[in-house]
Every structure is written in C-alpha cells, then in structure tokens.
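Across the two complexes that follow, chain A remains constant while its partner is chain B and subsequently chain C.
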Partner chain A sequence: MADIRIDYYPTHEFEGIKFRRGHPLPFGATMVPNGVNFSVYSSAAISCTLVLFERGAPEPYAEIPFPDEFRIGDVFCMTVFDLDFERLEYGYRMDGPFKPEEGYRFNKDVILSDPYAKVLGGRDTWRAQPNWDDVYPYRSRLAFEDFDWENDHPLETPIEDLSIYEMHVRGFTSHPSAETKNAGTFSGIRSKIPYLKSLGINCIELMPIYEFDEWENSRTNPITGELLVNYWGYSTVNFFSPKAGYAATGKFGMQVDELKTLIKELHKNGIEVFLDVVFNHTAEGDHRGHTISFRGIDNKTYYMLTPEGYYFNFSGTGNTLNCNHPVVRNMVLDCLRYWASDYHIDGFRFDLAAILGRAQDGSPLSNPPLLESLAYDPILAKCKLIAEAWDAGGLYQVGSFPAYGRWAEWNGKYRDTVRRYLKGDPGMIGEMAQRVQGSPDLYSLRGPTASINFVACHDGFTLYDMFAYNDKHNEANGENNNDGANDNNSWNSGWEGETDDPEVNFLRHKQVKNALTILMVSQGVPMILMGDEMGHTQHGNNNTYCQDTEWNWLNWSLLQSNPDLFHYAQQILRFRRAHPVLRSANHFRHYDYVGSGFPDISFHGTLAWRPDWSAESRTLAFMLCGNHAKGGTIRDETIYVAMNMYWESLHFELPILADGSKWHVFANTDMTNSQDIHLIGEEPLLEDQSGFFVGARSVVVLVAK
Partner chain B sequence: MDFTINSEVVDKVAKITLSGELDSLSARVFQKEIEKVALQSPTELVLDMEHLAFMSSAGLRVLIFSKQKMGVGLTIYVVKPQEAIVDTLEKTGLQHSVNIVDQYPA
Partner chain C sequence: MKVAENIIESIAVIEVEGNIDSKTAPEFEKAALASIKNQGQVIIDLSKVEFLSSAGLRVLLMIYRQIKVQSGKVVLVGVSEEIQEVMSNTGFINFFIIVGTIEEGIQTLKS
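And now, the complex of A and B:
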C-alpha cells in the first residue's frame, strides 16, 4: 500500500508540523500521499521560508524555514505532512540582497505567491472589495486533479476549418439582456453554447483568463464617476491559475472545475477553446510596482533588466518577462503543457509575441529558443499556436515571425488592407488580391493557414464602430483621449456617431456585411470579435481595457434591433463551412491542375478576366473553381465574388461557365433585408448570366450550379 | 447548524442522510462514511440532502471521491437538494455524475 512507503513519513518537525526533504520536481505544490511537496526555484535567495495559512486567515499559522540540506542546486524543496488540502493557503518568504542596481530585489517581509500555484485566492469574486491590508493578498492554493473528463480530448480541428470568435468572459454575459443566471462567468458562457452553435462559429478565443487583478490601477472615470478597472486582464498575476472572479463558484474555490466543465461542454458541441495568453509581462509593473511573486523570488531571472537594474518596457506596461532565459522558458513551456493537458485547451494566442523572440538584452533573436521549443513540444504538438507578431517596443514581425512550420499569426496587414479598401482608399486592389488568397506575399512558404484574418478585434474599434466613427472617443478612459491607436482606418459613413439618417445607417450595416463577407470568403482562418455579428458598439471608444460597463458588455437586445446583421453573419459563416473551396490548407497555384477549364483562382474586374489593378481602381472580383477545392481532392461549387468599393454602382461582366452550370446569387450586400443573403441551397438564379450591377460599396457572392 | 450524518446499507443500496452544513471539516466525516459504506460494495448510493443547508467545495470533492472509490458502476442519487446546492452542482458540471431526484426511485 502506498502509505507505508518509507518516503511518505516525516523526518523533521518544526513547531508541531512534520516534514521531510522534498522532491525538486515538479515545481510548485504537489499533493503526495499524506502531504504536499513544495518546490520553488531562486537563483540568488540565501534562504527561503514556507508560510502556511488557514484559508482566509489574517495571519499565517506556521512558517517553516527550509533547512539548508533541503536545497538542491537553486531549488528549495520540502514535503509537509498532514495538511488540509482544501483549506491550505501557502506562500514563501525569500531572503537575499536588495540591490536593485544589480538586479536583486529580495525582501523577506513580503509573502510571495508561488509562480507555479495552480489556484490563487484573494480575488475570488469579481470586483469584491479586497482587504487592502492583507499581509498576503494573492494566496497560492492547491488544485485537485480529479475532474471527470469522460472521453473528452482536444478536438484537433484542422486550423483552416476554424471560424474563431474572440470573446471576453465577463463581457459575453454581463449585460442584463443576456438573461443568464451566472452573469459574466464561465458558467454563463456555458448557458450560451446554443447561441454560439446557431451563430456557426467553431472556436472561441478567450481574452486573458489567467488570474489577474481587476483592481490593478483602478481609478475613477473623470466624466461619470464610475470605477475604471483592469477589465481586459492583460496583466498576469499567475500563469497557471484561472481567474477566480470569472467563475460563479470562485467564492467556493471551484473555478478549476467550472472552467473545465465549460471546456468539456464546448468540445461536446464541436467548439474549440483557445486562450489569449500574456507571457510578455506580469502585473508587478516597473520598479514602483507591487511585489507579488516573481520580483521577490528571482527578479533577475524573471525580468529583462537594463544594465542599471531598471525594467525594460517592451510591453508598454512597465516590465518585460525574460522569456528566453532558460528557466523562464521552461516555466512558459510547463504552463502551456499544463493548460493543454489538464484543461484540454485547443490553442493559444500569444499577446505581443514578438517579445518572446527577444534575447535577454532585448535584441531580436533569429532563432528564439522559446518559440522553437513551443513549436516542437510533444505535448503541444496538436495545439494551434498563434502569435500577435508585434510588440510595444517597435518589433513588427507580421510575415516574418519565426514560425518553425507551426506558428500562425494575427495578420495585422489583413486588417489594415481590408479596412482601407472598405473605406474607399485608392491603390488597394493589388494588396486585396493577396489578402483574399491567404496573403501568399507574407506566407509564401507557410501557406494560408499562417494567416489569422480579422477586421476587428478587442483592440480597437468594433466592426460597427469602424463605420460609425472617424476618430476615437476615449475620454471615458480618463487619459484625455490620448490612449488607444490613431490609425484606425475607419470611416463614419457620413456622420460621426449615432444618427437617425436611414441612408447612413443602411450604409453602415452594408459595410459590416461587406467586411464579414470578405472575411469569410478569404483563404486563411477568419476571426470575428464578440458582438460584431449583431452590431455591438463601444460608442467610438477604441481602447476599452478599463471599462467594466455596458460599452464592453454584449447587449443581447441588439439581436432584436439588428436582426439583419445577425442573420447575415449566420448565413455567411454557414457558407464558409459549406464550401471547402474557401478553406484551402495550401496556396493557390494559379493554373488549372485538374482539367476543369478554370484555374484554381482567377481575378476579374468589371470585365471578366480583366482585373483593374490601377491605382484608382476600387473593384476586384475573383472566382474560385470548385473542382480545385482542397487541392483538387474535393468537388465543390464554383464561387465568384465581386467587390465594388467605388461610390457608384458598376456593371460586372461574368466569366462564362462552360459546364452547363448557371450563376446563382448567394449574397448581395446592397439589397435590403432578406434579399441580402440566401439560405444555402436556395440561392436564386441570376437572370442575366452574362453580367450584373454591383451597387456602390457592395459585395456580391455568386455560386455556380 | 451542526453537521450530522447517518448511513445504512441494505441490499447493495447505501443510504446516507446528511443535514446541517457540509464544510471542509465535516467533509472529512462524510468521506469516512463513504469509505465505510464502500466496504460493502454498494451499487447505488442515495444521498438524502433535504436538510443540508450548505455544501463547500470539499463536500463536492467527496462526491467525486465516491465515484472514484466505488467505480463507474455506482449510481449516485442526490435526493431533494436545496437550490443553492443544485446550483453549485450544475456550475461545476457535477450534475452529470449524479442523479438529482425528489425521491429515491426504488
């Protein structure tokens, strides 16, 4: 029997608590028979003390110094017996030099969270007023690994077949109109799975759910007096713990189970789960920030420091995690492996990922070991890895991110090109042709699946606001409208902000439909932002990171006020899923390699076979030959897309179909409700098969059958 | 409210009646009781929760433990749980592992 093994018996005792020498691996606190194994690394601490609390108690009930002989290399490890797994909270005190100029910031008066803690207490309920005098505000706890996954495992959907929905846990169901019992939680999302299915997406990407502190930098809105908080959560307190305040059961410490239940349920419904992970910095800020964990455990290891001992700030938030230090690299790897194996996460999107390719002195590496390790990791082998391929330090790597045949990217150039094209900028046709093909100019060797296509994401205007505002309106963030990007490439359609003008409103809706259409007929992997399917507005605020308000909460009544948008989004998503010719894993070859009479892709203009590449052109049409779907392995219908961003309607001549099939109209964004898009299989026959008028600033999609 | 627990096993049916508050301390008592009835290899576990006012995460974990201890062949009935308890079971997905009923069917 396990509990008679000799190594499960204590050898030491301190103030009535029994313990023995521990195991250095794994790092963190691990339940073992009769006790808990604690292991923590510090390259420069002189000594370490394990601090034990009863859950929520103001003072620790025990502080056990690690005996010298319990340190192996730079790792302090100890197994403590007879602990109450449920009620235990633990932390460390590290003693060592405080010499910031040399990179050391030890302070044994501070109780530190374990970087490897699997659950963190202290912010158990969203926006519940914390005890500001707590001696240990973010408390490491134990996680149980007894969740019953039944037969679940990550879905491993081919990435080209995904339609991603970027979502904020709290924003999705916090609005009263969500009418869900557990508003703003993992459980709330679970209650909306039928909605996600009816929309037609098959992957959700959750904005940060690692434990963060919504109270970080909290302040008052100068205009409304409302509290501004860290709503988005791009500021990690602990990489292994889910955000307790996002769980309805967080106050019971059951957030792990609630999140796993959500993931299991999403998987049952064919929906993958991606996490937006923030490994570029932590919540400890710069030299003026709080010491929570990393800074006090091993400042020099975890952070990129200037020669004077200050923090490099490539993230724009105060500090930069030292990702290519071998120890930090291993932590990132351990962390992602944990989320992939214990939470069945299907993919990760790395915030400001260009930082992950910087050396310890901040310079960009040509062969960054962290990115390579992640790409070749056996446990992450089937996970999708997506980079936000830039950082706040000016490193912009869209198209050149070190990919190792694995990494995909948020294609910022796709966003910028499509926005400028929709707004009517000249000189965009050549670039548009690249974007709809999956950007072969950027990803010639990596294929279209390297391109995560999007027109709007959490960062910036919502899709609707892009056509309702020329300029950002961020006054409510309390920074005199200085925050947020200025290069939005947006156009207000003729009036800044809300209006009753039916023509302006019609154009806005049409532009939203144009954007959704272009996104769904482009090769690559489409991503839409939560709410864009129903015209969600942030009232012109393009940087709502601090707004825990209706500006960020999805207003479900928009489904009633903008039924045309939702219906359109549903049908265009279905169209993408129904047509494999839109979801190629490889780039087009631009010739007919199956003998169908058409090349796999061909470009057209107002004249068939004669695209207008000139600088003043605003028109582009393309035809995808159905016989070339998925490299010619599947037969699909042939699809023709005409895009006219000119301010007048234009006649487009159509390519003649040789096989006897006829053009049918699937979508025409210039039409009013119910004629703008049709159900798959019920597309009406186009009267004149030789050509048709495409309205001003409109997109038309035809299918041949 | 004090926690009380009673159990009996009749014809492979283990019936445990819980009342009061099931917190992390009383969860240990609950777990011991589960271990005790498990020795008789019941095929059904009936947990009468009508008078149980509160169940902590530790209590929920004992439900998971029961399933693990006695195997997947065990059917668990949770009889007349109060709404807050049903709510927690649902949020954490445990309602799939147990049958929530108003009355033990047999």
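And now, the complex of A and C:
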C-alpha cells in the first residue's frame, strides 16, 4: 500500500535530478519514501535555491532553484528523489535585498546552513584544521532518527531529589589521567558512569553540546603561545545538531547515535541528563560577523535589531536572538521538543534566560510568550526548565523570573551569600537562614524547588580556587586580565595561590568541605561543578572559556592527592540522598504540625533556641525535625547543623531531645584522619549531649537516633 | 559489495565482501532478509568488510529485530577492531553476539 501515494514520485526534473513540490512542514530536511523533503522559511527572500553537495566535495553537484509554485506562504518546500542519505550535504542560497538599515542582509553568493539541520558537518573532529577556503564551511546533513531506545524514557525524578553535576564533555575525560579510550567524547563519559555513580550524583548537566565552532575567535595565548579556542561553546551554530567533535564517531557522522547511547546508558544507571542551552544569541556575531545561516535566511526575523539595523547586544557576544518573534519562538519550541522526544533529555538550563523574556525591541515583557509556551508545552511537560535568570544587558531576575509554576532558577544569591558567609563577612546570618531553607524570601510562592543552589559553576572560580585566590588571574586568556568577574567573594585562606603551608592547605580543604556540606543540607536542588569533589584548580583563572588545556581538563590523579575531599563529597552526597528531610518540595511552616514536639525547622546559635542574628555574628545552627520530612509524610532522623565562620572555636549548646534519642556525629569539618565524616549508620555517639565545641570556620552535622 | 549465503548445519551464514554504506546497504538488506526468512538463527561473516556506515549498522539491527521476533540470535564473526569500536560507541554492539570464527558462531548458536 505504501507505494501507491502519488507524491512518492517526481513531477519535475532539473539537470537529471528529479523532484516535486514538497510539504511545508516539518521544517528542515526529512527523509520520506524515495527522497528527502526540504522546507525552509524566509519572510523576505525573493527566491531560494537548494544546493546539493557530495560529502566533503569542494563544489556542489547541483543547484536547484525552487520554482515559484513551490513556495507556500513564506516557506520554500521541495521533495528531491534518489538522494544518498548518508553522503548528502545540502544548503540554501537566498536572494533578496541587502539593505542593512532596513534589516535585510541577503547575499545569494553565500551558501547557508539550514536552521533545522539535524547534523552539521565541517567540524567533525575536535580541533582538526578546517579548510578556511571552503565555499560552505558548516554543512547541513541528514540524521538517522530511528535509534533503538528499547524501554528507555526520561527518568522524571522529582527535582528536589536531584544532585546535579555540571560538566564539560571534553573536560571530563581529556586529561591523560582519565585513562579512557575515547578521551573528551560522549563515549568517554559513558566509560566513567561507574565513577559518577560512586560519587553519588544522579543528574549531569552538560555544558553546550549544540554544534559550535571551537575555532571561532581562536588566537594565541600570549604567555605560553598555545592556541586559545572557543572551548566552552556558548556560541551556537545550529540548535538541532549535537557537536560532532564531542563524539568519537563524529568523523563517521554517527554523533547522534553516540550521544543517544550515552543518554540511554545514563538513564539505565538512574542518572538524568540536562543540557545547557544557549538560545540568547548565535555564532554569527554582529554586523562584522560571518554569515552562516540565520542572517542570510531572514536577518530581520531571527535577530533583535536597532532602528538603524544594527544588532542589539544583550548577550555580550554581538547579537541577540529575537526569541519572542512568533517564528523564532516556534523554532525554540521545535528544538526543545526534538531534544526531549528524540534524545530523551530530562531537563534544560537556559543560558542568559532573561533575554528570553525580552520583546523584539529589547524591553522586558511581563508575560513573555516564549517562556509561557515552554512552561505549558505538552511534550516538555515533565522536563525540568531552569533559567539563568539574568543577561548581559543588565536584566537581573533572580526571584522574579516569569515562572508559570514550572521554571526553576540558578540561584545566584545562594552562591553569593554562601561565599560571603564562608569567607567570614559580617552581617550574613539572616540571609544564610533564608538560603538554607530554599530561599523562601525569593521563592515564597514557588517553593524550594525553584532554587538551584550552587557555590561554584563553570563561570568563575572552581570551589578550591575560591579558597586559594583573592583575585582572578586570567592573563593566559590574552585580555590583560580584564575578562572575568571581579566580585568573586573569594578568600585565599592566607596565601595567594599554591603553598606548602600545611595550615593554609588544611583550611582550604576544610572550606571546600564546609561549602559542600552547606550545599547538601540546604533545601532546594544542589549543583556541584565537575572536579570540585576532588579539589580541581584552574590556577586562579575565573573565566577559562578559551582554555583547551589542563586548566579545564579534569585531572583524575587528584583523587589520589586529595582523597579526603573525594571521600567527603561521596559521603555528604549520600547523606542528602539518605535523608528526605533535606529534600522538601515545599517551604517550611515553622511550627509543629505533626505533634513531634519540634517545629519542622528551628534556628539556634551558641545557645539552643537563641540564634544570634546580630551584624557581628558568624554563627548559625538549625535543626530539621525528622518527623516533618516531606511534609510529614515520611519519618526521617532529626538533623542538626552548626556553622561557625568565626575565627575561633565556639561552644554550641544543643537542643534537648525529648524522645530518648541521642545526638550522633555525622560530620565535623574541623577533624582530620577520616574523623571528618562517617558512614551513614556508623555515626559515633556525641559524648556530651548538652553541647560541643565547633572549630573555627567549621561545620558540624549531627543526627538524632 | 557481494553477499553470499550458505546453510551450515541448518544455520544461515551470510558472508559479506566490501563496504556496507548507504549505496550498498539496500542490496545487503534485501539479500539478508531473504536468507533469514525461515531461519531462527543467523551468522553474519564480516571478515571481508572494512567499513560499516550508519546505514549498514541499521541493516544489521533490522536483521536482529526480525530474528528476535522468531526468538533467535544473531552472531557476527570476523568483525574488525575498528568496526567493533564504532559499534561500541554507538551502542549497536549490545544487540549482537560477536565471536572470532564461523565455527565458534555455530557452537554458540547450537549451545
């Protein structure tokens, strides 16, 4: 029956190639019986030509102009027959006005990538020297979309039960110490799944994996002479294609299968996969940039333009995607639906997401249609949506991002507060109390699940460097140390950079443990940066976006040199997962609603029940009543956390347990020799149940049982 | 590319010579599906295959799916290290039993 449809056969022929009128939807190139359906939108092009290449060929083998009758509305569509799905590369030429002052930048001499291409050729192997004279450098290709997922589907873990691990595909296994066959690839990550499980995280968040060009803005390191590249990849060339250079099989064009295999395997091991997605700008830059795709297809639709026809630059990178234009909004939606359904992605973190709430003229919208569409989309319904709730144009929306009951945020205030508290700033106690509760001051109606808590992320110092450097040291980036943030809230613990001083080094390790502990006992969703569990250093560089070097590659031998940090990270992650009282979906009510004798949360200081909120205070303790876990639906142990960021040890009086249980010590960051943290179930009894000394700049965690 | 079929101890043995890519995959598919039509077990000898593209891998998977319906097994023999590496990276390897020789393949399927 399948072969009797008349549109399975050609009606036209051009230089020996057979084709017919195509279907306008879906956009992109779709394999259909006997051929490929091509569909591309442009609101202002006068004409369009489909350009076909044999894979890697310097010149196209055919250029087929779309006949006028193949244009439906503003969509050019054509089905071409007898194409080699694997060897085909295709692009478009668009003819139209070149009037930048009116927003038009057509140039029919340029061959353009398809915005909806599912695979892009041209950067197939990471840092392989490109052909700079290629007439078509980023080549659209077809993808086989028939992966055998067997029974896999997104895990749908409640967000409050996640511990997120932010990682870079290349950075995770590129260091020789990773000892993996396919270094720096999706396959390399797959080989390290046992490690991720032993660490105890249950979600990885991949820094950008949409196809980008590592050669973009490449230059030489003024100090070492090494090549500086676009390593992080926050500069999208195509939104639907995975980065070929991140796949061991990219040179065979099999990156789609390799990535899906990784995701399937992670899911089998209970680990979710989030993508860090960059919809705020593209790799085409400003009016001086290259024309790759969007600019040449429909500049006025895809970009926010000033009245003079220049590019608004809310992203800090040259241009701004016009994401609340109805057509661009649909592209973003199509893209996310594709990743959620075809790749089984569990969640998305949106880079500079405040831009997604700006109107076409750049002004912030109170009810941004894109954010609303994503929040209510049927296919994305179970996906986690996380905003980086600020942009480079000065819009800062932490706590006020339009959430529609769905969106969570990177809580920048959590990061800043915890950092300042750890370095010993006065006046932080009141705010710390908010942060450990899941920031009800910011998310009173949204609950703690709106708060992605973190102390370090890819952007800024690593956790270790935060306690080893007062100032950024970015000279190797070649920008005279002018790049990167200056407000790091870091403290070098007494010496700038590496030192042999055992006291300084002990304090640094203790501070890393303090930070990990506070993060894991806070309500909300914790995120740690790859390598922070073993003391990874970037040598004081707080903006390593261009460093394809050991500064960014995780050095696995740190597991041997800092075994205490890794052991601590493992146990504190396990502690969080073992104790539902740490993972509430709703805010505390501050009273006893189950009749246990204690409120769900209570605050303390050096005196029980008497927290010191004064400006000079550096102490805060809190107790989470186990009978109130998950809204009183689960019984957990009661947990008490004492934090002392004063420079001397202080005696903390303990709340008296009424039910006959006794306080046991789970963690004490002031201790050494495996006494800093204990295995769950093996916590030693606290000798004096009435109180104890918390060391200078230390955190203690007790459990009642 | 050439495809030859033998029946050894009532097991279909499909021998392929040449590269399996999008140009040759349809022919391989047609020949392979014909020879497994009434077979529960199949051995595919790839020792004379240097390159297996995405399309080629998909034909193998299609054969696996057909055989699985009949509760059978697919054994691959003579798979080069490079092809095994690609199959491992893309997950295809998980569907197949891979052994060194046809004799081993027969033993595997008989046991």
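Rule of thumb we're sticking to: the second predicted complex is superposed on the first by the 705 of 705 C-alpha atoms of A that agree within 3 Å, B and C clash if a C-alpha of one lies under 4 Å from a C-alpha of the other, contacts with A are read in each partner's own complex, and residues count from 1 in each chain.
Following the convention adopted for this analysis, a contact is a pair of C-beta atoms (placed from the backbone, for glycine too) under 8 Å apart; a residue touches a chain by one contact, two chains touch by 3 or more.
What you see is a predicted model; the values in this text were computed from it and never measured.
On the shared subunit chain A, the superposed partners chain B and chain C overlap sterically. When both complexes are overlaid on chain A, the residue A:T449 reaches neither chain B nor chain C.
Residue contacts after overlaying the shared chain place A:F144 against chain B and chain C alike. In the overlay built on the shared chain, the residue A:T49 is in contact with neither chain B nor chain C.
Using the contact criterion defined above for the overlaid structures, shared-chain residue A:N182 touches chain B and also reaches chain C.
Looking at the shared chain after the overlay, A:F252 reaches both chain B and chain C. When the two complexes are superposed on chain A, the residues of chain A that touch both chain B and chain C are 84, 86-87, 144, 146, 148, 181-182, 185, 187, 247-249, 252-254, 257-258, 260-261, 264-265. Taken together, the chain A residues at the contact with chain B in this complex read 55, 84, 86-87, 144, 146-148, 181-182, 185, 187, 247-249, 252-254, 257-258, 260-261, 264-265.
Considering their complex, residues 21-23, 53-55, 57-58, 61, 85-86, 88-92, 95 of chain C touch chain A.
On chain A, the positions that touch chain C within their shared complex are 84-87, 144, 146, 148, 181-182, 185-187, 247-249, 252-254, 257-258, 260-261, 264-265.
Interface of chain B with chain A (complex): residues 24, 27, 56-58, 60-61, 64-65, 67-68, 87-88, 90-94, 96-97.
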